[in-house]
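Since the structure comes first, as structure tokens, the remarks are kept for the end.
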Amino acid sequence: MDIGRHHLALWAIAAAGLFVLPSLVGSGILRTLILANYLAIFAISWDVLSGRTGYISFGQPFLIGIGAYTTAILTKRFDVPMEISIPAAVLVTMVGGLIVLLPALRLRGSYFALVTLALMELCYQLVQVIRPDITGGTRGMSGLPTLTRGASNGYYLSTGLMLTIALTAWMLMRTRLGLALSAIGMDEGAVQGAGLSPTRLKSFAFLASAFIAGLGGAFYTHYLGSIAPRALFDITFLFTILAAALIGGSGTVIGPILGAFFLTFLLEWLRPLLPGAERYFVYGLVALLLYMYQPAGILAIIERVRVRLFGDSRSG
Amino acid sequence: MAIVGANGAGKSTLFDGVMGLVHTRGDIRLAGESIQGKGPTFAVGAGIGYASERFNLFPYMSVRDNLLTGAWTARKSIEENLLRVHTLFPRLAERESQEAATCSGGERQMISLGRALMSAPKLLLVDEPTIGLAPKICAEIAQSLQRMRDEMGLTVLIAEQNANFAIRLAERLLILESGHIRAGGQSEELAKDEGLVSAYFGKDAGGFEAKEGVKSPGAAWT
Amino acid sequence: MLLQILIQGFLLSGLYALIAVGFTLIFGIGRILNLAHGSYLMAGGYAFFWIGQIIGLPKIIGVALAVFLGAGMGIAIYRLIVRPLKGDRIAVEIATLILAVILQAAIVLIFGSSSKIPHPLVPGVVRIADTPIAWSILVATCASWIILLSLYAFIRLSHTGRAMQAVSMDPKGAAICGIDSNRIDIIVWSISGGLGALAGVFFAGYTQLSPSMWVTPLIISVAVVIVGGIGSIMGTLAVAHIIGFMEVIVTTLIAPELRGVFTMGLIIVALLFRPRGLFGREEI
Amino acid sequence: MKSATSPGIRFLGIRFSGTRFFTAALLAAAFTAHQAAADIKVGFIGSLSSDTGRSTLRGAEIAVDELNASGGVLGGQKIVLIPADTGEDVTEGIKAYEYLAESEEVDFIVSGSIDDVSLGWIPRMREYRIPTLDTWTSYIGIIDMVIEDPEAMMPYFMNIASDEALATLYIDFGKDVLKGQMGWNSVVILAEDTAFGGAITGLVTDALAPEAGIEVKEIIKYDIATVDFAPIFSKAQNSGADFIYLVSSVNSQVVSSQYVKLQVPMAMTGVNVSAMGADYWEDTGGAGGGMSTLSPVPSVGFKLDPVSQAFVDTYRARYKDRPVMPHFNGFNAYHGVKQAMAAAEAAGGFDDVDAWASNMKQQDLVLELDGQLWLRYGFWGDDEVEPRTGRKYPHNIRFDITEPYDEASPSMVVIQWYEDGTTAVIYPKKYATGEFALPSWVK
């Protein structure tokens, strides 16, 4: 395993680079990196379920929302410290999501996508009308406690969180379990034929996805310091998550991260050039074209360049 | 003419290829004109009718609507063609407004043949006309196929597993095995070939035994 | 009170049926959910507004332009998204969702984000059983019914209609009848777009034009298709009435702010307990 | 091999253009960063596609241009204005604020944000401590935050009267006009299910019965995605109330145009945010007559003092698209940016937030018309108590809700849209240019 040492060195350089980055770039870029990190977490969460098993979830904002709202309500209304509220939020996301979405896993294809979309919309409606004194109603809640102050702390926290999640997901997906999940996406019947239970596998993928979504949602809320139904349970938010995972390269761990960074930086770079709604137009167009004409994602482009520049590592 | 071959010998694929439903290599000619790669719409327009193995009927349409859909390329002669179909299969006239999904197997075969006739074809491809049908219905279908050939002047090309059925009906036979032509010629002459008879015609009439190794999909015909 | 609910329910349901029918057709023919369906309504509504209130031409030109624009969009979506993605349903859903977001941004660019109220098709108000009904809404409902019934007749009786059914029920069967499914697809996509845009003109007469106006009709369409089952026109009509009446009843008798909760709840319950819908049959 | 290389070349094409784009972006960033060294940077946060957001932006633009034309500020420095779009979305608002603070490092921010968006970025303002002036949101909860934590909220100023003050004066309108003049005794409240709707509804319902003697028969909350308002109007009619009080900000054109289309036989007044702008008539296609709404000052139909009139003239000459007239927050931004710069002059810049804030509190612009106080841009003292509501309004614009309004401008006026498309202020009497009118179909 001579590539092991080679890889180890690369990883060490990358880690060191990430560590010293705050002293090299402006805090504006760090802020963008933070947002990209959170989007990457959400995209990984989507991909663990949908990118692998082929069960396209339009309800990821629903899961993120449960996590975000749980911790927001606990800290704001009941003065629960964040050390307790965040794990609680993750737990509630997993349990809540399981109760509501597990029956939906019986559905296939478009129907699963739609029921998750409907759940997201339902949640949007419910948060506003059910106990607005607790949820903050339409206005949401602001002035939530934040975990960090300043761009570089937020950067370290979000990068650490994102990398931990990505690494865990990556290792998980390399196990037989991960392979079985991908197999569901290709042929559910064959998985059943091989003596594995697709229901159990799907539930596992779903739980993993909910875990990541809940964790990401809770940290994101405490980063933003505020929460509002319109920003969470929203088709635009859903679109951003989907686009990040898909144009990065779905079915991988690095793909959604690439996609999230690409989209976030695209949006931020466009800001000074196109301050208004043109930005979303260009952003959407880029996402659509990439999705249509590069279905394997940015990852595939990078792979192609790598092969062109350095040759195929497997043959050379 | 009949094409005989075991399950998976490539008969249906051959027909699908002729219709342009699947991608093919080589050349397909109808009356000297190439129809290769021009798609099913062109094939139907050029005068090929197709009654497929699984019928591919429209389950929630009435019998009549199923037939009328067949007239997509031949709208000028609908009445005339409908009359022909009803003469051939009086039962379809009786069941005119019944949904295809509720029809019996034999009736479905009739709809399938009738629908193909509605496009006023010169060449009719019939895939497995007798599969899963009762002997009485088989005879009925065979008779109507003969009438199409003799009275309407159609060229009828049948794909059959049941070689006995084929040899009784067809003037010429083509035997297909794993996508390759094994033998071909006048029916009477082929019937004299001992090897073929033992492989395809079997002992009991209407019976059929699959040969080992014949089951591999044979799409590679050219 | 009961009579009011009845009248208002019928008026709203007719519109909902027209909104959803194009979506149903597309779902029927390729099992594809066109999540940009709401954008037809938006485009149609804005085109009508643009012709009538910015250019100042007669309203009927606005209606015609809206229908043409919608039909053109339908064909464009089919040619540029559905065909290149080779009918991959999930990919089409995602791509059309992204398209809807892009079109929303385009509307903001052209018309700004503030809401606009187009002139009613027919001004004035009529009172039936003490319920005031705007003529424009009455006309829209009647027109919706006429269009839906003629569409039904067209599909049942014409060659093209039968071909549409054929492609929907058995694509191979349709092909061996010589039906060019490509051409049928284009016809269906343009009908779907045209009807969507027309529904947009009517819908805008009810409510307003705004860049986010595509979401509500999309949800209505989704609800109708999900609850009604695979794209049947009669199923669409029936479910549009279930949803329309449910909304009016919730608004009048329960609590207006729970309107959306009930619609979403209906979709979820229907999907979980009857995934093929109440009228689930493979036909259009 | 050949087929393998062609996508690579195509890809390289993309990559080259991508690099070009990146370079352009970097150059643009470097250019603005270079400017930053010498100039005062003012950030704008708000929706660039909404009328209210654009009003603030344009008010600020005109103020900045005038200041630059008169030689700049703080020893001749030029001011540059940097917009950041929120799209009226909370998360986008936070990102926009971060962008202004971190990437552009602005000295001062003027905001045309709606309530929810302001609430979203306020924690960021507390973190960065950038002097910030809010010209649109009127949420009293933000003033409460100033009272609770004056140190953290030091950079924040709101130069529009808070919604509570709007509601209080509106109750007077109810007492004087709706009850006194029209003789109405009961009301049905039609409120959208939003934060804004909830706040105003609560304030108005609490006071209508005890203060104005108008009984609240029923409160109907509606979902903002409602398509058909016919059932809701039926419900309102069935309540048996004398008139409808509307609280609507999100789709107020829909409600009023359906009200007109259906010729609902009850008067409807209240808060109709879209009717506060001059473009309302065009937006509703003329179906908005007979409607009245409260509006912060100055509003459409409001007689203007010479200074504000000059601002409007400049505005009209400069901007040809909508909003054709600046909304009230355009005026607030125009006067407010100048006041913020004056405070910075006195404090020696924006860096010392405490010094800037204490100087901002000293700002007091009194605009007169015909020799009497007409508009006033000043702030309440930290410990000053408003006599009628009995509470403090630190960092909030000074308003007057007691006749004859000679202390400051009133917190709001009521404006009326007539069926011919003209407008007038109908309350308070001092500012009135017309009479309260019912739609022709209401008997």
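General observations
In order of appearance the chains are A, B, C and D, and numbering begins at 1 in each one.
Just so it is clear, a contact is a pair of C-beta atoms (placed from the backbone, for glycine too) under 8 Å apart; a residue touches a chain by one contact, two chains touch by 3 or more.
Please read all numbers here as calculations on a predicted model, not as lab measurements.
Of all chains shown, the one whose average CA position lies nearest the global CA mean is C.
Chain centres were defined as the mean of their Cα atoms; on that basis the chain farthest from chain C turns out to be B. Taking each chain's centre as the average of its CA atoms, chain A and chain C sit 33 Å apart. Rounded to whole angstrom, the centroid-to-centroid distance between chain A and chain B, based on C-alpha atoms, equals 55 Å. Averaged C-alpha coordinates put the centre of chain B at 76 Å from the centre of chain D.
For this pair, chain C with chain D, the centres built from the Cα atoms lie 36 Å apart.
Along chain C, residues 108, 113, 215, 255, 257-258, 260 each make contact with two or more other chains. For chain D, the set of residues touching two or more other chains reads 49, 193, 223. Each chain pair that touches appears in this list: A-C, A-D, B-C, C-D.
For chain D in complex with chain A, the touching residues are 5, 7-8, 11, 15, 21-22, 24-25, 28-29, 32, 48-49, 83-85, 87, 89-92, 94-95, 98-99, 102-104, 115-116, 119-120, 122-124, 127, 145, 193-195, 198, 223. By the touch criterion given at the top, residues 19, 21, 39-41, 43-45, 50, 52, 55-61, 65, 68-73, 75, 115-116, 118-119 of chain B touch chain C in their complex. Here chain C touches chain D in the complex through residues 1, 4-5, 8, 11-12, 15, 53, 108, 112-120, 125, 131-134, 136-137, 203, 206-208, 210, 215-216, 247-248, 251-252, 255-260, going by the rule given at the top. Of all residues in chain A, only 54, 56, 103-104, 106-107, 109-111, 113-115, 117-119, 121-122, 125-126, 128-129, 235-236, 238-239, 242-243, 246, 276-278, 280-281, 284-285, 287-288, 291-292, 295 touch chain C in the complex they form. Chain C contributes residues 31, 33, 81, 84-85, 89-91, 93-95, 97-102, 104-106, 108-109, 113, 215, 219, 222, 226, 255, 257-258, 260-261, 264-265, 267-268, 271-272, 275 to its touches with chain A in the complex.
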